[in-house]
Structures are given as C-alpha cells and as structure tokens.
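Chains: A, B and C, in written order; residue numbering restarts at 1 for each.
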Amino acid sequence: MAWRRRGAGHPGGAALAARQLRFWLTNYRRTWRGSIYSGVLSPVLYLAAMGVGLGAIVDARHPAGLGGVSYAAFLAPGLMAAQAMQTAMEESTYPVFGSVKWLKTYQAAAATPLRPADLFHGHLLFTALRLAMNACVFLAVMAAFGTIRSAWALACVPGAVLTGLAFAAPVEAFTVTRTRDSSFTMLFRFGMIPLFLFSGTFFPVTQLPAVIRPPAYLTPLWHGVALCRSLSLGAAGLAGSAAHVGYLAGVAGAGLAAGRVTYRRRLHA
Amino acid sequence: MADPDILIRARGLTKVFGGSVAVDGIDFELRRGEVFGFLGPNGAGKSSTMRMIGCVSPPSAGELTVLGLDPVRDGPAIRARLGVVPQEDTLDVELTVRENLLVYGRYFGLRRDVIAERTARLLDFVQLADRAGDQVEPLSGGMKRRLTIARSLISEPEILLLDEPTTGLDPQARHVVWDRLYRLKQGGVTLVLTTHYMDEAEQLCDRLVVMDRGRIVAQGTPRDLIAAYSSPEVLELRFPVGEQEQAAEKLADVPADRTEVLADRVLLYSADGEATLAEVRRRGLEPATTLVRRGTLEDVFLRLTGRRLED
Amino acid sequence: MPEPGPRRGPAIRQGWRPPQAAAAGPARLRRIQLRIVPAVLLAARRAGLGGQGSARLIERHARVYRRTWGVLVSGVFEPLFYLLSIGVGLGRLVGTVPGPAGRPVGFASFVAPALLATSAMNGAVLDSTYNVFFRLKYAKLYDAALATPMRADEIALGEIGWALIRGGLYGCAFMAVMLAMGLVHSAWATAAIPVALLIGFAFAGAGMAATTFMTSWQHFEYIMLATMPMFLFSTTFYPLGVYPRAIQIVIECTPLYQGIVLLRGLTLGAVGPGLLASVAYLAVMGAAGLHLAGRRISRLLLR
C-alpha cells in the first residue's frame, strides 16, 4: 500500500504506525460487537430485501437480466463496494474527531515519540484491516446467496479495501481540521448518501440523465462498484481494471499526502 | 403551620437508598432570613437532605414541610419558590452565559422582559457581565459556580439551597463566591448550604447542624458550638517522624481540657495555649513545630465524631 | 448502509458521544411550533399532562438549534435524494408493482410513502433515543429542569413535541417533493403530514421509554437492530404478497408497516375504514411510550 512505501523514508516509521495500530485494535476489542451489525447483518438483510425480494420483481420484468445476470448478482458486488465506502467514512470521522476533540488521546500520543504521521498511518492501517474483514464476510454472504459468477470474485476483497481507502484517507485528512462534528452530518448527507444512491450500486449509471452521468463516473465509488462488479461477474478486463485501480489509488494517495499535512498542522501546531 | 417564619421544618426525616440509610431521622427548623448550614464530611447525608428539601427526592420516612407545603404532593409549587445550586454544575453547555439565565427563567414561566432585566442585574452581581455572550464550556470553575448562583436567583427565590458551593474551587475563587453569598445574606435572602469546610461554615452560617453518618450530632451557632465542644485555644504539636508516640505518653499529664492524638500531630485543648506550651517544654519535650490557635468547628467535629472533616 | 432520515448511526456504533446534537433549528421554526405544538399540548393536557413546561423545553431546543439551523434545514435533501434515485433509477428498472387492492402502481409512487414513513421513524428515534440519552446522562439537562417547577412528564412530552416539530418540517418538504414529482394520486394525501407526525409520535414515545432503560451507548445497537430490518422488510420496496403467510403476519405486527400502509393508502387514494386500526395502533404505541417515559424519568431523577 502507498503509505508503506512513503513511510519507509522515516526510520522506524512502520514500527511507530504499528504502535498506533495496536491502540486501535485494543479499543476495537471493546466495541467490536457494534460492528457485527454493519459488517454482517447489514449485508445479509440488504441482499435479502433488495437482491432477493426486489430482485424477483426486476427479474420478472427483465427475463434476460441486467447484462445477462440476475438483479441479485448485479447488486451484490455494488453493495460490497458501497459498504466499504460507509465503513471507511464512519471509521475516519467520529473516532478520529473524538480522539482529537473529546478524548484527546491524539494529543497524548503526540507528546510521545509518535509523530502525527504515525498516528495517521496507524489509523489507516486499522481502517484497512476492518475493511478487509468486512469484505471477507461480505464475500461469504454473496457466496451463500449464490450471486458469485467467477473465481475472480476473490479479488473483490482487495478491491473493496482499496475503494474504502480512497474514502478513508481524504476524509480523515479533512476530519482532523474540524472543530465541530456538524461537518460530518453534512459530509454524510451531501457526500455519502448521494454516492450511495447514484454511483451505480442499485442501477446502471447509464440510466441516469446524460447531464449527471459524467460526474457519476468521476466518483471513487463508481470505480469501486465497477471494479468489484466486473470481478464478481467474471467480466473484468485488464485495461478497465487497471484504470479503476489506478484511479482509486490516486485518490487514496492524494488523501494520504493531504492527511500528513493536516495531522501535523492540528497536532503540532 | 403556626409560625410563618419557619420556612422548613423536618421531624424524624429519613432517606433510605436500597439497604443503606443516608439520612437517619433528623430534626431541624429553618427560619426566615437566616443562613443555615449542614456541616459534615462526605457521605454524612448532607446532599440527600438537600435533595429532599429541593423536592427532587421523596423522603423515606418522617415529616418534611417546605414553605408550609408537602414536597411530595406540591413539588412543582415549592420548587417555583426555591433557588438551587447543585453540587455539580448543571449549566447548559449548548447555550451562552446569558441564554443560560434566559432559558432557566423560562423554565420558571417568567416573562422574557422580566428575565432580561434580572439577567443584566444578576450577571453584574456575579461579575460575569463581560462574558454574557460567551459559551459556558471555556469558563473557569469559579465562573461556572457564580453563573450557577446567578441562575438560581433568576426566579427571586425565597430560599436559596447551595450544595457544597465552593468544593473544587481554588482559594481565590472561593473567596469571591463567599463574598457574593455574604451580600445575598445582607440583602435578606434565606440561605441553606452544605459544606465540609469549617471555615466556610464559620464565615457564612448563622446557625448550623453538624452531621455525621446520617445523624445530626450537634446544632447551634458556630460560636456556641465551639464554646460547648472545644476550648478557647488549641495547641497543635508536631513531632519528628517516629517520635510522636513516646511524646504523647509524656504529654498525658500536661494539664489540658482534652488531648487528641492524630496521625500527624497532637492537639491539646485549653483556655491558654501558651501556658500549656510552657508545660510541654518543662517536661523536656521539643516538638518540631508548635501552633497556638483559636478553637474551630473542626475541633467540634473531631470532638463529636473522633474523625476529621476532610478525611 | 444508510436509510432515509437523520441518523447518528456511525457515532453510536463507535461508542462516541458528541458534545452537542448536530442538527439545528431555524428561527422560522417558532412559527411552525406555534401551529403544531398547541394542538399536541392541548390534547396532552386533557390527558392529564402538563403542557407549559413542555413548551418551554421546546423553546430551549429551538434556541440551541437556531445556531446551526443550516444543518437541520439541509436534512430535507436526504429524502429528496432517495426519491430522485428511485425516480430516475430503480423506478425504471422495476416498472410497476401491485399496489393496494392489487392495482399496478408505478414503483416510485409505491416506495415514496414508505420512505416518508421511514424518515419519520428514523427522525423520531434519533431525537428520542440518542439525544435524550445524552441530555439525561451527560448534559444533566433534566436535572437542571427538575430544580424548577417543571415536571418529569412535561419533560417527556416536551422531548416528543420537539421530535414532532422536526418531523413535521421534514414531512412537509417530503410531501412537496412528492407532489412535484407527480407521486401524489389523491386528495387524501393532505392527511399524510399529520399521519407522518403520528408515526413520529409512536416511535418517539417508544424510543424515549426504551432510552430510560439504557445504561451505555452500546445499547443503541438494539435500536438499530429494530429499525433497520423494519425499513427493509415492512413492504418498503415491494408488496406484502411476496412473503409466505407466516412472515406476513410478523410484518403486519410491526409499527412501521402500519405507518406505511396508512401513508400509502392516503397518497394512492386507497382509503378504507381498515386504516383506522393502523391509526389506533400507532396512537396507543405513542401514548403508552410517553406515559412510561414520564414515569421512568421520575424514577431515575427523583430518587
């Protein structure tokens, strides 16, 4: 991952980030039960309601299917990418904001040999771990619902992690600059929800009016959805997949660069 | 209620939480215009008593009338005439300093113009006029306390209840609070306060009860209590570490009303501290430090309970 | 995954507490408040509950939220996004579904009233659980209020009144969008906003009563475990007929289903006396919750 290569410039950077990762893992041991809901139950319920329930109606109207597959098979990888986005955004807003503003654990950590960038990297690592766990669970649920069409679906796991990081890195960079949590309400309301609804998760972007199609193609979520969907359905081409991966990595890398600056400004001001 | 000047009357007042008795059958009366104190260590039952008076905690047994009314039946009517400064600030951190008074006044059903007039006066009184538009969160502990006092006065209450009004404040902030409370007293406001600071009780209270383990162990004016349970002067002796025990044995026959051996010092109660000190020296004892002082409520409490107030 | 309506899910799941509620109230709320509150309070006072203290608590909330009114007002965009997404996207994919009495209905017209019901539920639940818990346990707002003539039942009623004011605001905006998108098919839809308030009342009452039993932030998981499946399965996206009879009975018992049936009947013009049962169900749920919440707050704070 990008941060590791860049972190190698600092002596011991990876080790310091790992220390911060351990902090988050310890914390997670207390709250992991809550993530079962978003990680396991939510995909099962969504696939049952939208994939199976609504899918029956869609499939009856489109006997040939959407691009040749059932609605459930179309929807599932899209939901997987959308879930990665949501996990990433949750993880990079309130917990980070709380560490700076309410609990001040970041300020405490910044008084130790840990540098602001190490705190940032440590938390991104933790986010990546959570994303990977959620993606594995989601893949298992997809298999149980019979919506996987190709062995390439295994590559959806790194795909979803990358999609999540394309949100986590820039959002976290933004979070540490905030002094009030109402910013996140707006971010979820005007960022995450429109992406969730219009980036190809529930229906092909080609159905959108021509004017809003180009911005939809520019969103990281659309690239994540397209990547996971093509892998899961066994329709992935090398050029297309490379473009999606490159785009997502670019966004994540830009977020990483921005976050190092904003973390330092906030904690070592 | 025969006597209209008796504002609060308690007879056998008791509060039980689960199995433990917080207040164990206490009797007292509060008269109009006086400053009445409950003095005792943490856990003595002071706050439970205050909450019962404030009508936010129904008594488990006994009688309690506040302003001639029954706290259980007439809670809202009584509370409309009380001002409350709780032990922990309950200021509204989502509002500014001024808005705290405004909103609180509205809880009492006061008109906005009445509140606005009183707010200006009260913020002046507690020296927070220049912070009126500020958020509450960044205020210092002393400022928050003063704001809470101002808030409790917005309804022009007949009785002001203060539960440990200066606990947790630095000495300077305490003196500012004491000064404001003293002015209220001069203005004729009836105050009820709890404290575990004997200097606070001595400075402010006309009359007080000493509480310990849910019971009242003595009551009267600070001066009467000191006269009854202490001596005019107290000699405090400190000995080098390890030598106090032997010294205490030698002190046994020094003429004094009473001797208390504490963990860190020995107290000798007598009418003339200097004379007692001379007696100590005559026995060849040379304490590390000596202090002759007046008897205080701390001594009263020690005498009555065998414990210190702030332990 | 997000559902329509305000939420505090992410923060709850992480166990973080915000120092203040994010959403806010504009000055113009006072006018809305003047219209809605008296009716609610009058009814409540007849039922033996106090109204004055409640109105003053609402006044306090309006004052707090006035500072960040933009956040509150922007909340009307969320259901708008959902409606648009279904209008331009899923709606075309699905076409029509069997509506009340089996008549085919456009997908957007079918889903819109259900989204309104869900939004009313989520808004009421957020206000009455998360925000109330914070005020009860951390901000000590009710401790302060109970040192004044205010009573515990007035506090409960005030909180629910505030939830309904916000719900009313979102309901009006939602109905306006439905109207603009041609998703309203009957004059009965004029009753949809009061019904959305009734749904809010039912969930706010129940949510607040539940909150008084909670002791930690982790307990909010249970509330989400209840609302999320209801959102997905209470005939939001497809008719009840797709389920086997046994599951149908379970779903018919959920309050959100009752609310959806009501709103769908009104906006599609399929109105019959059967809807009164749904009204009664929701009214009883809200009243019982309100009563219990008032008593529990007394128990918790007047010890």
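Simple rule for what comes next: a residue touches a chain if its C-beta (ideal position, glycine included) is under 8 Å from a C-beta of that chain, and two chains touch if they have at least 3 such contacts.
Note that the structure is predicted; figures quoted are calculated from it, not measured.
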(request) Could you find the two chains linked by the most C-beta contact pairs? (result) A-C
(request) Indicate, using Cα centroids, the chain positioned nearest the centre of all protein chains shown. (result) C
(request) Give the label of the chain whose average Cα location is farthest from that of chain C. (result) B
(message) Counting only Cα atoms for the centres, state how far chain B is from chain C in Å.
(response) 47
(request) Would you mind pulling out the distance in Å between where the CA atoms of chain A average out and where those of chain B do? (result) 57
(message) Using Cα averages as centroids, what's the distance between chain A and chain C in whole Å?
(response) 30
(request) For chain C, write out the residues touching at least two other chains, lowest number first. (result) 19
(message) Taking the touch rule as given, give the residues of chain B at its contact with chain C in the complex, in rising order.
(response) 17, 54, 56-58, 75-77, 79-80, 82, 84, 86, 88, 90-95, 99, 102-104, 106-109, 152, 155
(message) For a test of understanding, state which residues of chain C touch chain A in their complex under the given definition.
(response) 1-2, 6-7, 9-19, 22-24, 68, 71, 74-75, 77-78, 81-82, 84-85, 88-90, 92-95, 97, 218, 221, 224-225, 228-229, 232-233, 236-238, 242
(request) Write out the stretch or stretches of chain C touching chain B in their complex. (result) 19-21, 52-53, 56-57, 59-60, 63-64, 139-141, 143-151, 301-303
(request) In the complex, go through chain A and note every residue touching chain C. (result) 30-31, 33-35, 37-38, 41-42, 45-46, 48-50, 53-54, 56-58, 61-62, 66, 71, 79, 82-83, 86, 89-91, 93-95, 97-98, 101-102, 181-182, 184-186, 188-190, 192-194, 196-198, 202-203, 207-209
